[in-house]
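The same chain A turns up in both complexes below, where it pairs with chain B and then with chain C.
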Partner chain A sequence: MELVLLFISVAIINNLVLTKFLGICPFIGVSRKLDMAFGMGCAVTFVITISGALTWIINNMVLRPIGMDYLKYIAFIMVIASMVQLVEMYLRKFFPPLYESFGIFLALITTNCAILGTCLLIDMNNYSFIKALVASFGGGVGFTLVICMMGGIRENLEWADVPDALKGAGITLITAGIMTLAFMGFTGIGSH
Partner chain B sequence: MLEMIIAELDLGAILTSGATLLLTGLFFVIILTIANAKLKVERDPMVEAIEAVLPGANCGGCGLAGCSAYAEGVVKDHGLIGRCGPGGDALVHAMAEIMGIEATASAPNRAVVHCSAHSDDMINSTQYLGIAGCAERTIIPDNMGCSYGCLGGGDCQAVCEFDAIHVIEGLAVVDYNKCVGCGACVKACPRNIISLTAIVEDPILVMACSSHDKPKEVRGYCKVGCIGCTLCVKMGGDSFFMDNGLAKIDYEKYPDEESRQKATGKCPRGLMVYVGSDDVAVRKANDSREPPKPVKAKTE
Partner chain C sequence: MADNELKSKSEAARHFVRGLWAENPIFRQLLGMCPVLAVTVALKPALTMGMATMFVLICANIVVSLMRNIIQPHLRILMFTLTIATFVTIADLILKAYLPEMSDTLGPFVPLIIVNCLIIGRAEACASRKPVGTSIADAFGMGLGFTFGLCVLATVRELLADGKLFEISVLPSGYDPLLVMKLPAGAFIALGLLLGISNHFFNKK
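Showing the complex of A and B:
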């Protein structure tokens, strides 16, 4: 039960994008089409889950025992960068069209602050390994959920009569703001 | 001071942290090396071979994102084979050999300036003393008499990577020995008077005017511009055609020498010019005088 609550908490109530404002860059950059947004969400979920687990292991098995907590930023970034490389190879091999459509944003998952943020949050809250897994996976699912919603809304916005001054990034940011307000309605449901 | 710092350094910690990071790094290196071997993407050797013979200028003249994208495009669609300006004919044959297809030589696309008015030929009622660039000048009303012609601000010269276009006496002139047809000047020209044209012959006859204005107005601001008299169409046959008061040449059926001579002989203006690689200067086609000495492009 606790794990389910934790999952819902990180995925929806404390959503990375809308309440912590992490990972805004792909949220705006790759949400133009729904299928691309979903692909990005899946890639980030994969990287975030693996990185969450690996960084937990490195942090608790290696860095803490030898008292080198301060190395965690470098170590975490190394893990994330390696995992992004792995995803990139995998996508190029099996989903070339997706790989093409991501372009630079795939490599930029490395600098996606949602991932490093999740790893650091896990470290800050001293989660157990299972909880770390659930939290990182939940974070990824939350990211996917929100970026897909954004993708769907933006696809429909293509047909809307947007005022000239707000076309493009402007209406996207306004949409993001309204989505944030909606997600704020969940505040207080969970205790995590 | 330095000794104090060194004395306070915890060498053990430095070594441990260094070794820790090195080891974790090594761990991921191993993982990624294995993954790289397992997930290696087999690139088409043909694409790689073509990429190797491409000029690598990444000029984008072919309309694709760069030389690498062009190599992939050519293998998928052989029709793209003649698109590479910098490579020219030699490249077409090299690529055709790699792909095992027959290549027929096609006319290369080169930039053609559709204006022939040097400073002396323009009749301006005002004198422009503002910012020199074309993009700035073109937005100012009445900056020159003709609202179509070359401004001579040198925006095309500035963007040309190949030093192939120069403003000579107020008119952009292409050096066809250097032009590769990348189209950078076409995009840079705010008046859209430069086009990429298939050079079916060298030198080639071009209609170097873009003005659609009425004869009276054209006579008022230009000594060479097209007045839409249609004499070339009448004399030269169906290779010449009128487009909204402006004579043009259909390069799909480039006129033979006889009809060209008839047309250029009758043209009362100076817009029909031959351009080509042996002569940097624009030469008036109906000019009975000796062609002007080629103006050597200034080299710095």
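Showing the complex of A and C:
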């Protein structure tokens, strides 16, 4: 039960994009089309879950026991960068169509702050391994949910009469603001 | 020789000025948006964040520029990230030691400077091609532009949310605070409107 609550809390109530401001760059950059947004969301969910688990292991089994906490940022970013590289190579070899459809998104994921941010939040909250796994997967699902919603809204915004100055990033940010207000309605479901 | 020196100096100056407005990282290039939204509840954390980012940007640009001729092209992103991560660790430890409260307020956003696309972007676009002098000027200009953008947004938000600047009340006591500006929603909306204003007045295409 606690894990279910944690999942809902991370995915919806404390959504990475809307309340923690993580992963804003792809949120604005790649949300123009719904299918692109979904591809990005899937890739991020995949990498976030694996790197959340791996960084937990490295942080708690290696860095803390030998007292080299101060290396953790460097270790985390190494893990994420090499995970992205591995996933890219694996997909290119075994699932070429999937690789084609992910395209540039995979490389962009390294600099997605949602991933490093999740690893850091797990570290700050001192989660157990299972909790870390659930939190990172939930974070990825929440990211996918929000970026897909934004993709859908932006496809419809194409038909709206937006003032010239606000076209592009401006109106996207304002829409995100309104979405945040809507998501605040979920506050109080969980206590994390 | 003298002519050459003059040329490199003017190039550095051009790079410096460009970061301030024409290619302002926040209002023009939309780089590094996550910290922009997260730390601008008040002016103090915004200024600290701007300074920390500028420090990392300048140091990383110097190192990347110095080793630009010995990096293998396919390893460069990894080398950039590791360089940046090293300086971010230094900045984080300094903040923790001398400004512990500020370090708590900023939370994970100091380590998140590592993945600030502004810094990787500048390393890739400028420092890995240009000599050290130009790179420093470029980092300085971009850093100032970034800090300026953070401060503008923070000023708007702190003023509307509390009627305060640097935690000192500036608006008359009858002012009814706009609480939404303190919430994440206020950050998104304020930044969206500021972008609109800057586009409206300065974007003469």
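As a convention for this text, the second predicted complex is superposed on the first by the 175 of 192 C-alpha atoms of A that agree within 3 Å, B and C clash if a C-alpha of one lies under 4 Å from a C-alpha of the other, contacts with A are read in each partner's own complex, and residues count from 1 in each chain.
In this section, contacts are C-beta pairs under 8 Å (C-beta built on N, C-alpha and C of every residue); 3 or more make two chains touch, one makes a residue touch a chain.
Nothing here was measured: the structure is a model prediction, and the numbers come from that model.
A.B. asks: So, on chain A, is it clash or fit between chain B and chain C?
C.D. replies: Fit.
A.B. asks: Per the contact definition in the header, classify A:130: touching chain B only (first), chain C only (second), both, or neither.
C.D. replies: In the superposed model, A:130 contacts neither chain B nor chain C.
A.B. asks: Specify the partner with more touching residues on chain A, choosing between chain B and chain C.
C.D. replies: C
A.B. asks: Taking the C-alpha centre of chain A as the vertex, compute the angle to the C-alpha centres of chain B and chain C, in steps of 10 degrees.
C.D. replies: 60
A.B. asks: Counting only touches as set out at the top, which of chain B and chain C does A:163 meet: first, second, both, neither?
C.D. replies: Touch status of A:163: second partner only.
A.B. asks: Quick one: is A:4 in contact with chain B, with chain C, with both, or with neither? Answer first, second, both or neither.
C.D. replies: neither
A.B. asks: Using the superposition on chain A described above, determine whether A:113 touches chain B (first), chain C (second), both, or neither.
C.D. replies: second
A.B. asks: Is A:23 in contact with chain B, with chain C, with both, or with neither (first, second, both, neither)?
C.D. replies: Touch status of A:23: second partner only.
A.B. asks: In the overlaid three-chain picture, which partner chain does A:61 touch, first (chain B) or second (chain C), both, or neither?
C.D. replies: Neither chain B nor chain C is touched by A:61.
A.B. asks: In the superposed arrangement, which partner chain does A:74 touch: chain B (first), chain C (second), both, or neither?
C.D. replies: In the superposition, A:74 contacts both chain B and chain C.
A.B. asks: When the two structures are overlaid on chain A, which partner does A:92 contact: first (chain B), second (chain C), both, or neither?
C.D. replies: In the superposition, A:92 contacts chain B only.
A.B. asks: In the overlaid three-chain picture, find the nearest pair of C-alpha atoms across chain B and chain C and give that distance in Å.
C.D. replies: When the complexes share the chain A frame, the smallest chain B-chain C C-alpha distance is 11 Å.
A.B. asks: State which residues of chain A lie in both footprints, the one left by chain B and the one left by chain C.
C.D. replies: 71, 74, 78
A.B. asks: With touch defined as at the start, can you tell me which chain C residues reach chain A in the complex?
C.D. replies: It is residues 30-31, 33-35, 37-38, 77-78, 81-82, 85-86, 88-89, 92-93, 107-108, 111-112, 114-117, 120, 180, 183-189, 191-193, 195-197, 199-200, 203 of chain C that touch chain A.
A.B. asks: Would you pull the chain B residues touching chain A in the complex into a rising list?
C.D. replies: Checking each residue of chain B against chain A gives 13, 16-17, 20-21, 24-25, 28, 31-32, 35-36, 39-41.
A.B. asks: How about chain A: which of its residues touch chain C in the complex?
C.D. replies: 18-25, 28, 70-71, 73-74, 77-78, 81, 110-113, 116-117, 120-121, 124, 163-166, 169-174, 176-178, 180-181, 184
A.B. asks: List the residues on chain A that touch chain B in their complex, please.
C.D. replies: 58, 62-63, 66, 68, 71, 74-75, 78-79, 82, 85-86, 89-90, 92-93
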